[in-house]
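There are structures below to look over.
Paired with subunit B in one complex and with subunit C in the other, subunit A is shared by the two complexes that follow.
What follows is the complex of A and B.
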């Protein structure tokens, strides 16, 4: 028990309550909706900061919901991996700031309060998913964030938006079912839903059902993470959604699948009840395939948001490959890439959103020569592009370096090669984008003769671009923070 | 083998149901039928988890009702109650999406929608 118990509960209850109240509080005033959502997320971020400071000084801690003690009641548990709430809060705040002007043009006025409500619900779902210590509770938060995600994809009301949302919904619902099925199996095997409790009871469990359970859950999380070849729902959904939503979906929501896999690993490695070598091999290969195929598809896109969506598939490949290699370095690299890719992809999607908002155009051909008209936005996008390729002084470099080191450490230099090859392909299409913005002659001069984006859009983009550079320089900070957690994770039996 | 199957008939039934649902989702072009397939899959998983709690000849564990051990495990039912609520929300959202697709495109057959794109 901790001396400041309710903080972790308030952390989830506050945005959840605020989300439900949004349409009532704001009626049809979009400004009020914006302010309401922003204040909520700012307060939540402060609480999140306090929680992270506590885990950094005192290690993991938990909160018992409703006074029912751990194995019976629901436990909220905050450990080093839960520090992912930092990036969720950060992107949440910036996406809401960005939405101020974007939503006014992209959405019908009466939908705007619902837009903020769904955004807050989505963020709450992710926060809850990251801090819960109970498997069924994990499923509930997964559904909260998925359902709000489907609705957010459809909210723009564009012609193919509903179809993209429906495709996303069907794939998402099947994957949630797989997770629920696996949860049921684990409950049947251990008689418990608490993750720590399952870990301690799993030793000596029957192998076949255990493998089926872990396999079903991994498959479910793979769909959520859009790992190739289960990525088919992603490009349309992420490209059609309003840009701040794309930033959240691509930066954070797909990472939920990764965090889910990390949680499963905590259970599986911690109990030592099952040999994961086969699963790891599959993950490593799928990761390598995803890197190359995602990059390959992205090269042929002309629509800027479509290109960014395929780039996400490629980056999820990096993260999953890092997890699959299962060496200390690669898992550290993968965990930090969850954080850094979120920063980078949000920079790019919000930057692209600013371009689309100002010009009304979304293809590279139409946006040629935009660099002169919107210098700050395009500079920020360029920093994001350099960063995602992984050129040294930026945030993207360190994680890829660590994953490559991990490939060597695990004795699979081939995968290090796949990583470099993928980075080269990624380099090609990002250089194509930067080239079009700066050096190509505009096709239609009137189309790119626009003002720089308004302050509420420009500031989030610039903050994120700065962070891409800062995280490259201060890269050791998150690495050393996550290291003890990864070492505990990979330690054999009794390590949990 | 046959004996084991017979003893776990409830689990086997949910696996069959799950496969029927999955087949429907994959093969049907009509979006509503696709979604009904998904509902069948949901039901299969729910049935599986509820079946986990059953103890042959067990009593419901209600205090003061004179019930005696062995008891049935009530927790899976409580979980599935939540699961059903989630499934209903998913269904509501999907149906409203289908209505909007119908209004915008005039069809809810997946193959015709692909052509329209």
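What follows is the complex of A and C.
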């Protein structure tokens, strides 16, 4: 089956169609909507698994939709970076399982079919974004995932959620426009929208428009990634959204900006038509700044979801710094952190969601002492906290280690220090959280006298926490998997 | 101060963008890449292999049909977003009554003109949808016209009759007509010719392609019209 070329198109077309059909299929039964979304995502995951197995055994491959050859038709391209579909599918399935009970309480019944439809659209948009080899097609999928993302933030219908979604929408629309603008410029320079074709036709292009085009697209992607100081939309949107949505937004949707950036690097480095040293220096500095500022703001939060949202800003800083340093180790570390941070942040947000669902409280002060009432959830959150600080042997350690090594390799040991300093700050606020859950006396004993979360919520959280540990032990596996792709990427600029 | 800074920033950005645009290959020059590369291929081969006389239709439905499948999904996503946030309190299932025509304040003249014009607008909309593969137009444009007609009628008809224009139960399926048609035609290509969204391209079977493109146009037109009407209706029900 992995030899069947159209599989790559079916991988996108199937969930895209199933997603829009959700409200018609499930009418007003929330159980049916849940089952429909879960089955869709499971089937999609199986296809995704087949595709990853193929790229692992035989390297990158393409499919051109409709049988037209590229660049005349739309090329879908599955390379090692596209293996990010694994984490999209995994978190998609777990977030849907988690939503079963969560959505019933958090959302009005009439909204639930639309909730699952938008969640599926968001996930499929990311899948398409990750596997397309065509710049305009990339934009189309960016729109699908952005629009559904705004709606998912607002879906509770509360005033504060609508305000957060509106802020997200305004920033997001501007960033999409920047990406579209850059795409138009690249088309004007090359007459093509196919990424590989653009790469081969850019040599000798006029410098000013080329730099403006790449700059505009970088800016657009960095708003989506919430790189400091373009992060202002993120804390509210991620903290106010329903928890499974927070897990998807914080774990995956911000990474879309990073994957877009990797695609941009493939074009820019591959064409050799432009020197990116200046851009990389800016990104490295902003990344370092984001690590420290994100951690700094997080220390002062009492709302657990707000704290997790600021922690995402720090972690995007790590990834962007890794990309900006542009040495083999740092880019490998950054690419794998896209995957590992998604795992860890989903553990934390879903865990926080379970606490909020059971207690109705969301601040550290109110949740003090919850560790006794919900031992499994809090244990999972603790594992997530240890991972995100980067203590070995958890999933967070190896990526940060690689990025630090990359800083040395690139001859900028200072940024290695920024990374360690950031990790210390992060350690402070996560230790505060774990301390509150386990060791502080509850402020209101009745508030934390609750049951452990129901199975549909507990199982996804425990699966993710286990994976945080497993990926720490098997950490070298993704690193070696992504290595050939990074070497191919950096070859033209003499990285390595 | 803030205003002066904003203005300075805007001027700087504008200068940068203008400098970039000035260095682009000259617009309209026959030697510039947009005219010599991919689009040149479309113009040269399109008429013989893509099925429609209108080259724009060939590009959006055939060569780059997958993009258009994505675009119609974007439109449906926008509608789902509106439905999710505002919820449909339509009258069809007796939730609560919408605005009465008198309340919307349309005059007798407006009501009369809209009713007289309605069949003509409908015919023109259908013409634009079905003739899109020959002349400028197509599903998006014609669908918008029909959607606008439904909106105009909603404004002048009594509530019960305007609700009947958009019955809720079939609307749930009709709203997604466009992505559904795309998927159907895509799967037909997959089953008959082994490629997703494939249309036959040799001269003897080009009529099949033309037929399939018409089906897609009709799907986009119908779906688009319903989406626009739904968004209007949901927003109109917000008091």
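Here is the rule we use: the second predicted complex is superposed on the first by the 489 of 496 C-alpha atoms of A that agree within 3 Å, B and C clash if a C-alpha of one lies under 4 Å from a C-alpha of the other, contacts with A are read in each partner's own complex, and residues count from 1 in each chain.
Rule of thumb we're sticking to: a contact is a pair of C-beta atoms (placed from the backbone, for glycine too) under 8 Å apart; a residue touches a chain by one contact, two chains touch by 3 or more.
Quick caveat, the model's predicted, so the values are computed rather than measured.
Engineer: Return first, second, both or neither, reflecting whether A:58 touches subunit B, subunit C, both chains, or no partner chain.
Structural biologist: neither
Engineer: Kindly classify A:445 by the partners it touches after superposition: subunit B alone (first), subunit C alone (second), both, or neither?
Structural biologist: So A:445 meets neither subunit B nor subunit C here.
Engineer: Once chain A of both complexes is superposed, is A:173 in touch with subunit B (first), subunit C (second), both, or neither?
Structural biologist: After superposing on A, A:173 lies in contact with subunit B but is clear of subunit C.
Engineer: For A:71 in the superposed arrangement: first (subunit B), second (subunit C), both or neither?
Structural biologist: The second partner, subunit C, only.
Engineer: Give one of first, second, both or neither to describe whether A:163 is in contact with subunit B, with subunit C, with both, or with none.
Structural biologist: Only subunit B; A:163 stays clear of subunit C.
Engineer: A:154 in the overlay: touching subunit B, subunit C, both, or neither? Say first, second, both or neither.
Structural biologist: both
Engineer: When both complexes are superposed, which of subunit B and subunit C contacts more residues belonging to subunit A?
Structural biologist: For subunit A, the partner with the higher number of touched residues is C.
Engineer: Which of the two partners, first being subunit B and second being subunit C, lies in contact with A:190: first, second, both, or neither?
Structural biologist: second
Engineer: Taking the superposition on A as described, I'd like to know which of subunit B and subunit C A:10 touches: first, second, both or neither.
Structural biologist: A:10: touches subunit C, not subunit B.
Engineer: Would you mind listing the overlap between the subunit B footprint and the subunit C footprint on subunit A?
Structural biologist: Overlap of subunit B and subunit C footprints on subunit A: residues 136, 140, 143, 147, 150-151, 154, 162, 165, 187-188.
Engineer: Please give the residue numbers of subunit C that touch subunit A in the complex, ascending.
Structural biologist: 16-17, 19-25, 32-39, 41-42, 62-67, 69-71, 73-74, 76-78, 80-81, 83-85, 87-88, 172-173, 175-176, 179-180, 183, 186, 189-190, 193-199
Engineer: Using the touch definition up top, name the residues of subunit A that touch subunit B in the complex.
Structural biologist: Touch residues, subunit A against subunit B: 136, 140, 143, 147, 150-151, 154, 159-160, 162-163, 165-166, 169-170, 173-174, 176-177, 180-181, 184, 187-188.
Engineer: So in the complex, which bits of subunit B are touching subunit A?
Structural biologist: 22, 25, 31, 34-35, 38, 41-42, 45, 48-49, 52, 75-76, 79, 82-83, 86, 89-90, 93-94, 97-98, 100-101, 104-105, 113, 117
Engineer: Can you check the complex and tell me which residues of subunit A touch subunit C?
Structural biologist: 5-6, 9-10, 13, 16-17, 20-21, 23-24, 27, 65-68, 71-74, 108, 110-111, 114-115, 117-118, 121, 128, 134, 136-137, 140-141, 143-144, 147-148, 150-151, 154-155, 157, 162, 165, 185, 187-193, 201, 206-209, 211-213
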